[in-house]
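Following are the structures in question.
Next come two complexes, and both contain chain A; in the first it sits with chain B, in the second with chain C.
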Partner chain A sequence: MADPALFEFLHTEMVAELWAQDPDPGPGGQKTSLLVLEGMGFRVGQALGERLPRETLTFREELDILKFLCKDLWVAVFHKQMDSLRTNHQVQAPLRLPGTLLCPQGTYVLQDNSFPLLVRMASGLQYLEEAPKFLAFTCGLLRGTLSTLGVKSLVTASVAALPACKFQVVIQKL
Partner chain B sequence: MSRPAHRRPEYRKINKDLFVLTYGALVAQLCKDYEKDEDVNKYLDTMGYGIGTRLVEDFLARSCVRRCHSYSEIADIIAQVAFKMYLGITPSVTCNNASRNEFSLILDKNPLVEFVEELPTGRSSLCYCNLLCGIIRGALEMVHLAADVTFLQDRLKGDSVTEIGITFLKKLDEKKYRRKK
Partner chain C sequence: MAVCVAVIAKENYPLYIRSIPTENELKFHYMVHTSLDVVDEKISAMGKALVDQRELYLGLLYPTEDYKVYGYVTNSKVKFVMVVDSSNTALRDNEIRSMFRKLHNSYTDVMCNPFYNPGDRIQSRAFDGMVTSMMIQARRGKESLVARAPGAWSPEEAAKGGAEDL
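Coming up: the complex of A and B.
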């Protein structure tokens, strides 16, 4: 069984290396590196999603899926639960064709006050600029797991002060 | 359900798979970025080296190994303590030469390749687990031991076993030998 520390070491090295080798140091290059990390997280999230026990795959509502991410997935991956889950549903009004219902877009904010991949870095406002690099992989991970559970989403993250961070999950209704 | 989530066996498996899957995604990404196998191998070794230099502190803090007096002891510790701690496996150790500075670790099981059936087409020289070589090399260097670490055999390449070769390059301080006697 692979020791949990190995993942943290690998993740830190991946972030450092992908940044170092970027030929374009400007915002364009940074975006590419973030996308690469997010893409890798997505692949891993998909694979993890496929390994979940069968009974977890029958969810009654969208909120159940998010609760599952906050509790079970987070505990399995980071050995702790998400600290808070808030919903922020926005109702969008697309083309008003006869017979169409308004499609609510579920927006969820998942907050971790002590995110393990940030804890070793610093606390407070130091290294705030570096924080997004350490969150990209996990955003992809969330998006990938949701994808295996049949949910299309957009996941972004923000940091106000290390090591607390928020993951914003916007469910995309097809 | 009275058992806490993280102790349930299925979630322990997820955690164990996390590193292996992430490693697989990394190798896949590197194969996209680099055409030549040698470049991917070198990159994996370099990343492993970086990890090894930091991992050794974690290892020393958690394992409480005593000071070693021979390369043979060090090889044993790598196989029986380090590999066991981080990957849950215990490779067997053989010494390959009379001067007792060349060793082989034979990996019977290799968690890193659990989800890999074969190397991708056109990637026959890829040392999939080269990160391990870099880790060992980086860790040893942090304790002032220079070594060459490479894969001598690889099951993914069709060999019967997976074998990591460690060649210690610098002699240990002779004073330590005398003190032991």
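Coming up: the complex of A and C.
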């Protein structure tokens, strides 16, 4: 099916277009382009957050929402599931109950070992500096979906070696 | 028969509220406002219950002497409230559920519209049309039961019309 390719091509062109219009290749201009991409992803994420969840209220806790992101959202957009979801335990609660998930700070690391938007570029360390711009839209996507589901968050992405990338989601407690 | 439909945002302000007949609008606005408390109560009760599947449809929120109020909440905590006239043949649960499902689908379409900013009042004509069809369908159903002069419909006139026919 041609569907995954359509989105990949569109995304490539979006990044290329936003970067081409940049007269100032310095850090200031780059930041605006990244913000624009992230903003686009945010709005798309908001709409997807409304359309995708199932007919029943199944989000009882944050972890459920994150699992939804890793499975349903990733499958809908990239036709594959996220490879791993980990939490960063930053214990601030005074009481540690055995058997409960300790994550009061709410930091999650979503890892994708072969991210579709990066898979076509390289496999290894080549083009490592160019990778962040291709992740901005997806960061916005995650943030937007979380925001529709009622979770305020900050999403950043990091690449150690293409095409594996990690998205770090920090949930901001109000 | 739906006489008032309201879409309430997560932060409990109305995104869309429309009622027929157009006089006495304030009464319906007030009913929707008071029903929000009941909605919140139901949501928190569901949260505490250890049921795996929780329904989006909340059911009858509270009945008054003339109207019944139904509620529905989405995964993004957007609430739909529908005020239904209880004087006629009682609408079955299934019909109310299907009306809410149509509302939910239309709301999702509005959300996906790039010209709509989440949090704004809903001004989409398509959404308007869908809500009108829900209300008019009900009106037409009622008019076929009792012959009445065409014109503005209101509960007082309906009572008068019913008395005259007898």
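By definition in this document, the second predicted complex is superposed on the first by the 152 of 174 C-alpha atoms of A that agree within 3 Å, B and C clash if a C-alpha of one lies under 4 Å from a C-alpha of the other, contacts with A are read in each partner's own complex, and residues count from 1 in each chain.
The working rule: a residue touches a chain if its C-beta (ideal position, glycine included) is under 8 Å from a C-beta of that chain, and two chains touch if they have at least 3 such contacts.
For clarity, every value in this text was computed on a predicted model and none was experimentally measured.
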On the A-aligned overlay, A:Arg43 touches which partner chain: chain B = first, chain C = second, or both, or neither? both
So, does A:Ala76 touch the first partner chain B, the second partner chain C, both, or neither? first
According to the stated criteria, A:Thr58 is in contact with first (chain B), second (chain C), both, or neither; which is it? second
Which partner does A:Glu130 contact after superposing on A: first (chain B), second (chain C), both, neither? neither
Max touched-residue count on chain A (chain B vs chain C) belongs to chain B
Partner chain(s) touched by A:Thr148 [first = chain B, second = chain C, both, neither]: second
Mind working out whether A:Leu6 is in touch with chain B, chain C, both or neither, as first, second, both or neither? first
Name the residues of chain A shared by its contacts with chain B and its contacts with chain C. 43, 47, 51, 53
Which part of chain C faces chain A closely enough to touch in the complex? 10, 46-47, 52-56, 73-77, 107-108, 111-112, 114, 118
Which stretch or stretches of chain B touch chain A in the complex? 4-6, 10-23, 25-26, 28-29, 43, 46-47, 50-51, 54-55, 58, 85-88, 111, 115, 131
Please name which positions on chain A make contact with chain C in the complex. 43, 46-47, 49-51, 53, 55-60, 148-150
Sort out for me which residues of chain A touch chain B in the complex. 1-7, 9-14, 16-17, 36, 39-41, 43-44, 47-48, 51-53, 71-73, 75-77, 79, 137
